[in-house]
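As structure tokens, here come the structures.
Each of the next two complexes has subunit A plus one more chain, namely subunit B in the first and subunit C in the second.
Here is the complex of A and B:
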């Protein structure tokens, strides 16, 4: 177990390093931030000062070395735009995204498991067909479209919910609702398929021969076996939200890490972009680790 | 109404499939009394398990339908009861164990939890059930019962898993125990132990025991009465001895005649230079020595049987010989060359000469390839054998040689029965015109009558083409009928080798004697005599 954790930590350290290199140099390809931050008619001297202040005059490789050295001290640099440590800016936004992801994925997971299991119990029944129909629509509908339709319906026409921003409980409903749809559809499909296999398995036959009632057969005997592929998909979907639900956050003006990243790229606020990527990468590393641990908790045959 | 403990009357079960209704069983009637052992004997597809499934409410309705009959348990018809009422009988009054206990135990719960569950759902308190579980585990012979209860199914051996299933089934002292092929996947010595355990528990509790099996030996060992099924109908029933000695129905006669272990034993082939000579072959997996230095010769035209229980290293030997895995030491000389030292190009040449037929033709034939593709693929790889314009004629010829028809070449594996698939696998091996065929449990998965046909085919091909076989098997009666010489393996070593007569008539080593004593004979009287001998050996 301990060696497994160390191995995983080293492996992800290497991928993080590659990520830093790629993002650092790619982001410099987007242009010189000086033009963006100083007025068009700024003097050459002012431009020089700005460049010197932010270390933009040195060769790229020197800039990169400096960045790495700072990074080793957990210093992610300053946000040019906000004149605050980039890490603080990112963590603030990440907190919002984390809460959004946690609530959405909890709701999605519970509902997909319950609906998917029941659908699998009577394959081809009315409940199964209805659930499958809606899950297919959910899994294939683009989220920007759902978001716009939701705004038109609930905010413009009905006036029940605020269009964007934060502040009240009501502000959370639409982002969560829209982010819910696709993972719900996908996970439901996986739960259903995996449960059909589990319910047809030999150990379920044994349980029936023992006299176990239907509900414990579904939710005790079959479900735990069916969860392994489901967890993988849950992980993928959670990662997608953690990475920043860019479209949804932008449409609803939600101050999460996805919106922050888009804004920072447009503003060439490199320190923030890099910090945001590092933080989300770390979050995804931790989540994958949790998923691996969940595997071994659910299935005693898996031991690290 | 009858006074039997369990009585099936006029039961018919139909499955409604897309290709129309399939009558799984038709008008089946049998009964079981307290303290009695009844066997239902039949081959795959005979419907022998269907009435048990109907008793346990395991038939999915739809697509299944119980179209006639009733199932009386203590005089009450189970089929007219509600689901919940029937659940009260399952596990408590009537319990069932299955073939392949690994897949029938839930992999993610501890075995203790699974045994407790039987008791808890029928009203025992959790703490009481926990204590009882330890008692049960001790009773079925699981070492360290307290520790074992916390372990998971994959941590036990095959025989132990069946013991766990038995403990689970007997937790509430049911009146009827149904055992569906309880020992089919187990080694002979383990099979003997499990059957002895079942018998002991049955005598002790006085329950009625229903054994569903394809194995005449199990019937001979266990059953008081036997019901023979074929094509969904009962063709014959009576006492085990009566059915074996004076079978009335042609099907029963055929089945008994097909049972292996009754023919003449081979006298062996003439002394000659060996075709293949293995010297001190070793194979290690890390620390574990799977083969601890084995040596034997194979003569041309000879069938050399390799017998042993699971884990004895017999399949490893085959893999190493074919260089599917690299040997860790030793030599395998074939036509003056060491197979283990061949270059990749030489190895490619050699592969033609030694071919393999596997146990499960369903898995070893690619389901997406037609029979023509499967057989002619050999010539795609080894181009020098046959020009392309002759492939079709040769495939037809090979199919006829293995007892199929030329027009079968356009079909796919799923359109054939198990026995036919194994014939296709043999035709594929023959396509390369090999001199040696390694048959790894090649007939183990087949029904007895099909098994006899495939053995006959292998035998005639040997005479026709001068083939040599390395015949890996755990089924001793088949080996007795088919082999010229026998190698007995245990724990990666050869414990004994000799002519088939010497091994079967005068085994020298204790292990060989144990194996032979544990193997079952279809004749109830022979079996009774063996039991006595086994008891003597145990003392």
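Here is the complex of A and C:
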């Protein structure tokens, strides 16, 4: 186990380094941020000052060396747009994304497993058909549309929820609700498919023959075996939210990392782009590790 | 190394913050605390969070809307209605000689940190604005190409000598936000000013709160507290006033502005135009440029792709600017005449069939793509061969500004220019001087008029600018002017506040009253 963890840590460190090199040079290929930072009518002198101040006149390889040296001391550099440490800017935003992802994925996982398992129990029954119908709609509806319709319905017409923003528990309901829809549809389908296979297997038939009640058969015997593919999909969906729920962040004014990343790319705020990529990459690495561990818990045959 | 230590410490602190944040959120989720707002509080929704709260960056719209004259004041204030100057932190000013101005500063003014305002604060504010240790937008935008020598006569008298002479120095001082002389040469995270409000809370990405100061030198404003929120979606911002979550949205979309009781159109001091690059044939031929101007049916845009209240433009600056030339009228829509001019030029060997690239910027203003497509079509109708290219902002800026690429093809560039400062000097050199960063041509004669106008005062100044505008529009046919634009605001009915041309760059809480 310990050697597995060490191996994974090294592998991730190598991919992270590769990512840093690629993003550093690719982002700089787009040009320097001076003209974007200063107004179009700024003097040439001011532009030159800006370049000198941020070391943009140095050869790229010198800039990269400086960046790596700072990085070795956990200094991610300063955001040129915000005049604050890039890591602070990213972590502030990432906290929101992390909480959003954690709550959404918990709610999605629980509901998809319960609904998917029940649907698989009587394939073709009313519950199964209803669940499949709505999950397919959910998995295919564009989230910006759901978000706007939700605001018009629940805030403007009914007045039940605030339109957007943060502050109270009510503010979280719509963003989570909108983020819930697509992964719920997808995971439910995987749970259902996987459960149908599991419920048709020999050990379930044996259990039934022995007179075990339906509920323990579904949730104890079959579910554990059906969970392996489900966990993989959960990981994919969680990674998508960790990378930033840009649409939801934009519409609901949620200060997450997705919008920050896109804004920083457009503004050529390189330090923030790099810091954001490293923080999300690290989070996804940790999550993948947890998924691997979950595999070994669920399936005793898997040993690292 | 002290640097290393600090960095590690910061990281530790960040981890702590995350932890305390997670606990905090858990509690917040469990107990939703309703916020009780007073009737004299207002909530304002901006389209983006402020990147910084540094007073020397207030020339950026949203930073200006929060800080300018609310937190940080200027010596002089521009009245955008009539272009006149009003005293603010300076009680009066006079020209001592051609290049020196004397300002009498207001006494008994204090900053929000308790320190008293005096001449040294003005000196430091200017030094910061033009410092090469920090890059301030105000310095880069308004104080380039000149040096100001500030002499403190006494605590409340300041003499400013400029090289070269600046007849509009008092107007320039309406852009310089004043900070205490103790302010270091780094961006402020907590702005300190002499204004009627101080920033009491800032949660990055979420909100900024300004509260009224008790020890403000001037009249007590009606608004006690202002909360700024940030939403990038137009429809959401507009909905927030409708649901009572917000009071003022300085910027909503044209399609949201449907309620006459709350929605206002206001001239936003922006002008759209096509910058023509005279350096490459066939655009070096005046007949081709005239033909382009006559090919555009400006009326057809109004009330369709652009708001009804926008106006066909004849200047690069809005009508409230000094020297505005009311004798100029927009080029008539005359495709027949345009075709004839192109035929004539073609007969003289001008390559009018050459492909002209139209460069436009994604998201520059609402419907920009459709406007650019319509323009391309109109040029095509008179026989020009125009190819539209849409660019992201960064690439577009590079194409807009010099140095222009060698061996480039003929191009026209769709741009929008903002001048809310009341004087053409802030626009004309950049857009039309031979050395101008975004100028597509060079006319020594025009340069001379502009130099004379810049050095002149009063009626002479206005007359010279008037000549310069006529020369650009009629004689040189330099560019294709399109529209003086309008913006839309939504204001809750309980407020007595009307957005003006100033709303594009500032939003003075002191000007808001309650019905």
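By definition in this document, the second predicted complex is superposed on the first by the 303 of 304 C-alpha atoms of A that agree within 3 Å, B and C clash if a C-alpha of one lies under 4 Å from a C-alpha of the other, contacts with A are read in each partner's own complex, and residues count from 1 in each chain.
Simple rule for what comes next: contacts are C-beta pairs under 8 Å (C-beta built on N, C-alpha and C of every residue); 3 or more make two chains touch, one makes a residue touch a chain.
Keep in mind that this is a model prediction, so the values were computed, not measured.
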| item | value |
| --- | --- |
| Subunit C versus subunit B on the shared subunit A, clash or fit after superposition | fit |
| Subunit B versus subunit C as contact partner of A:151, first or second or both or neither | second |
| Geometry of the superposed three-chain model: angle at subunit A (Cα centres of subunit B and subunit C, steps of 10 degrees) | 160 |
| Touched partner set for A:46, first subunit B, second subunit C, both or neither | second |
| Partner chain in contact with A:62 - subunit B first, subunit C second, else both or neither | neither |
| First (subunit B), second (subunit C), both or neither touched by A:212 | first |
| Contacts of A:224 with subunit B and subunit C, given as first, second, both or neither | first |
| Touching partner for A:5 - first (subunit B), second (subunit C), both, neither | neither |
| Subunit C versus subunit B, contacts on subunit A by residue | C |
| Partner chain(s) touched by A:255 [first = subunit B, second = subunit C, both, neither] | second |
| Subunit C versus subunit B - closest C-alpha approach in the superposed model, Å | 35 |
| Residues of subunit A that touch subunit B when the two form their complex | 201-203, 205-213, 216, 221, 224-225, 298-301 |
| Sites on subunit C touched by subunit A in the complex | 3-4, 7-8, 10-11, 14, 17-18, 21-22, 25, 28-35, 49, 51-52, 54, 59, 132-135, 137, 139-141, 144-145, 186-187, 189, 204-206, 229-233, 235-236, 239-240, 242-243, 245, 392-395, 397-398, 400-401, 426-427, 430, 437-438 |
| Complex contacts: residues of subunit A adjacent to subunit C | 30-31, 33, 35-47, 49-50, 52-53, 73-75, 81-85, 87-89, 91-93, 95-96, 99, 148, 151-152, 155-156, 159, 162-170, 172, 250-253, 255, 259, 266, 268 |
| Parts of subunit B lying in touch with subunit A, wherever the complex brings them together | 56-58, 84, 87-92, 95-96, 98, 100, 103-110, 117-118, 121-122, 152, 154, 165, 168 |
